[in-house]
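Heads up, the next two complexes both have chain A, just with different partners, chain B and then chain C.
Right after this comes the complex of A and B.
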């Protein structure tokens, strides 16, 4: 039995005017750390809310831990842990009060499942008498995770848990997720950060309510269909404009100090042709090298393919 | 059960850690009682008047002494010129002028009839009316006094009594009104805000996802406010008895039972509002504007319902505070028992049942 299944799930808002989730079908295995990757507005939160039974889908069916999200919503509610995107706990309760409240609410005690949250809780324990509103972003997320875990859920839903959290805390947070996975908990996590995608076992790339690709991050990167070049010159802004106008170039996007470029003709002479082309336009300090694609490259390519701006590669 | 207790404890934390809410809860009743008791009184006290006595005889002297003896007036004796009266009114302060013509006493004795002129500042009609009534009463009283010797053939002496309020204490009418108003504000507004706050902070999503029954969320939210409202009710009663000298004539336990019924009505309204809104501002506006205005206007403690057009009288029937006001007036001021207020109680109970049913039925177990 799969931990989570979605079959042809569609959800619209405003009486059908806004399409949030568009015919999504997805399966998540038990014990998997699964990532739902996509920009803001992709429909991630809607998928989460449908699975956590707080929202009804227009069409399609879904189940969590074998229970139907509509019929058996009460059984699901006992089995899952959920950390909503804008979940901010009770700002005026202390760390300990928040945790204690959620433990009782889910019919357990802090002591009973302390082993599960021990690693995480120990980090915030020095502040246990501080009010949640006075915690830093990273600590708030740790507390929220503790609250979502305290009843030992079968499936854990984390909606953008690292949004608005500093880089160090983000890394720590993912370490914690890996340890939780070892305890056998299925984790479904959403994030707009592409760099976090590789930390998941499998990911679904989501855009405009549709799932574009489901696979391991490694496989998605490995199946990037064409060579990708990292290009740089003395005037990066002019270079970007020149490349976008160029007939050789299929796509060109700025990533940090480099441009990621794909070509229309992918033969062995590609890199050389590109260098000559750039030089001919008067650029200096040119660097051209073949690079390994990232998830973000795959994501952009899939997005653009959907919108039809690429020839089918 | 343990979940419910912990939930209720959490609600108390919210209330006691939020200074603003506390201030609203206990500040409003105190402010209202003191305001209505001392500032917004319709009684006239120490009104400035001028007595222009052109006669200076025994009779005018006696009348002037009578007027001076009353606490309503602050009398100044001056021979004010008729032409200056208007200027004096315009300057403000002066409320009324009493003018005795030069042959007042002589006319009274020889013709059996004398005239006295009372000029009041009609720009404030309520005060003017009250003052002229007081003055007329004093003069009539004096007239009776001097005619007693000559024994009029027929005389009618009205003996008026203000039953239940012998001292004409204006606080009597508004204490029940303020009770209704304050309970309405505290229960309705604060309850709706308390539920909507969970929606705003995203914790409602967690509460829904938890095995805790959604309806229990409403109950857990309502119970602390029920307890606090009873405390506030007690506070208002204490203030009215010890500060405003408004006695409780009827049974205190009946008063409490009726008040708890009304509090539950208000709580149901608050829960109903919270079901339909998603932001604290909307909830607050709805409960303040939607509930306070009708309570002020249609309860009958500020504006007599009997004077309203028929349509408003009909509308007033659906305002719960109106019925509560009637009950409190009957029990607290007249000392009547349940047999006199059972009809009003039944109406209020019916309203509560309907509101509560709608609130519970509309409470969503999902987000939308």
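Right after this comes the complex of A and C.
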């Protein structure tokens, strides 16, 4: 039995005017650390809310831990942990009171499942008598995770848990998720950060309510169909404009200090041709090298393919 | 059931944590109940009168002093002409101009008849109407005491038989306004407190997103709603008790009827009222919206509940609206029990209405609070 299944789920808002989730079918295995990757507005939160039984889909069916999200919503609510994107614990209650309250709602106690949250809770324990509203961002997030875990859920839903969190805390957070996965909990996490995608076992790339690709991050990177070049010159802005106008170039996007470029003609002479072409435009300090694609490159390529063109956006 | 206990525990914890709101909930009705009825007084006193005496006779002097002695009127000035006297009304320093025509005494003696003109400032309608009525009564009284009338003037030989009406006010013998208004204000304050805090509470959970966490938990709808209702019900009952104590200590009004019946009715009324607050909060998305919706209804409750004006004299459509608001029935019942000493049998129908309100409003609120949207 799969931990989570979605079958042809469609959800619209404003009486069908806004299409949030478009015919999504997805299966997530037990004990998997699964990532839902996509930009803001891709429909990630809607999928989460449907799976956590607080939103009804227009069409399609979904199940969590073998229970239907409509018929058996009560059973699902007992078996899942949900951490919404926005901090949503009682700000006027202390750390300990919040944790205690959510434990009792599920008919358990902090002591009973302490082992599960020990690693995380120990970090916020010095502040256990502080009101949740007075915690720092990273602390709040750890507390929210503790509250979502305190009843030992089968499936854990984390909606953009690392949005607005500093780089160190983000890394720590993913370490925590890996440890939780070892306890056998299925984790479904969404994030707009492409660099976090590689930390998941499998990912689904989502855009405009549709899932474009589901696979391991490694496989998605490995199946990038064409050579990708990292290009740089003295005037990077002019270079970007020149490349987008060029006959040779299929796509060109700025990534940090380099441009990631694919060519229309993918033969062995590609890099050389590209370098000559750039030099002919009067650029100096030119660097051209073949690079390994990232998830983000795959994402952009898939997005553009979906839109039916490599529009020079 | 155990879950309900934990929710209640949490709600009370939150209420006691916010000390300023807690203090407000108790201090506001206490202070306002002491201040408002003292200030709000419909007994008309101190009607400012300007007199134009064109007669300057001993009779007109007597007449003027008679008016002054009644205790309701205050002399502003005496003016030689009507036009100058009217200026006092124009600039707001007088409510009434009384003009005594020249030859008052002479005409009364000769013809047994004279006319006195009253000009009343109609801007403050109540004061004007009551002032004119008082003055008429004083004039009528004066009329009777005139020796020439009783001994028979030249024109009026026989004393007209007169039906003399004397009235007495039951349940409020001195017709004191406070007996009428204090129980009403108590109900109003209780309604404001209960209505607003319950209306704002669930919305607060919506705003902070905490409702999302509750929604994905196994907590049932009714457990959540009852968990919200009970703490405010307890607080409102305490506020009601404090209000009754203030009524007793400050105004010396103690319920004539059975206090148990009063509490029973208050208990059901509060369930209805809190249900109404919850209903508002299920329809609004943030505290500002809830505040405005609650305010809209509170104004209607306040002005159409029969607190200030009698429901019976409203137009039919307004009477219907008034009867559809729970507060109308509660004000009526509180006045009946506190002033009249009515027992349960007298308020049975009202009690039945209130139970209907409680069921309808809470049922609606629970129905509309969907955990799955």
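Following the convention adopted for this analysis, the second predicted complex is superposed on the first by the 309 of 313 C-alpha atoms of A that agree within 3 Å, B and C clash if a C-alpha of one lies under 4 Å from a C-alpha of the other, contacts with A are read in each partner's own complex, and residues count from 1 in each chain.
In the analysis below, a residue touches a chain if its C-beta (ideal position, glycine included) is under 8 Å from a C-beta of that chain, and two chains touch if they have at least 3 such contacts.
These numbers come from a predicted model, not from an experiment.
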Superposition on chain A - do chain B and chain C clash or fit: clash
Common interface positions of chain A, toward chain B and toward chain C: 52-56, 73-74, 77-78, 80, 82, 84, 86-93, 97, 101-102, 104-107, 147
For the chain A and chain C complex, residues of the former touching the latter: 52-56, 73-74, 77-78, 80, 82, 84, 86-93, 97, 101-102, 104-107, 147
For the chain A and chain B complex, residues of the former touching the latter: 49, 52-56, 73-74, 77-78, 80, 82, 84-93, 97, 100-102, 104-107, 147
Chain B residues touching chain A - in the complex, by the definition given at the top: 2-3, 6-7, 10, 13-14, 17-18, 201-203, 205-212, 365-368
Chain C residues touching chain A - in the complex, by the definition given at the top: 2-3, 6-7, 10, 13-14, 17-18, 208-219, 371-373
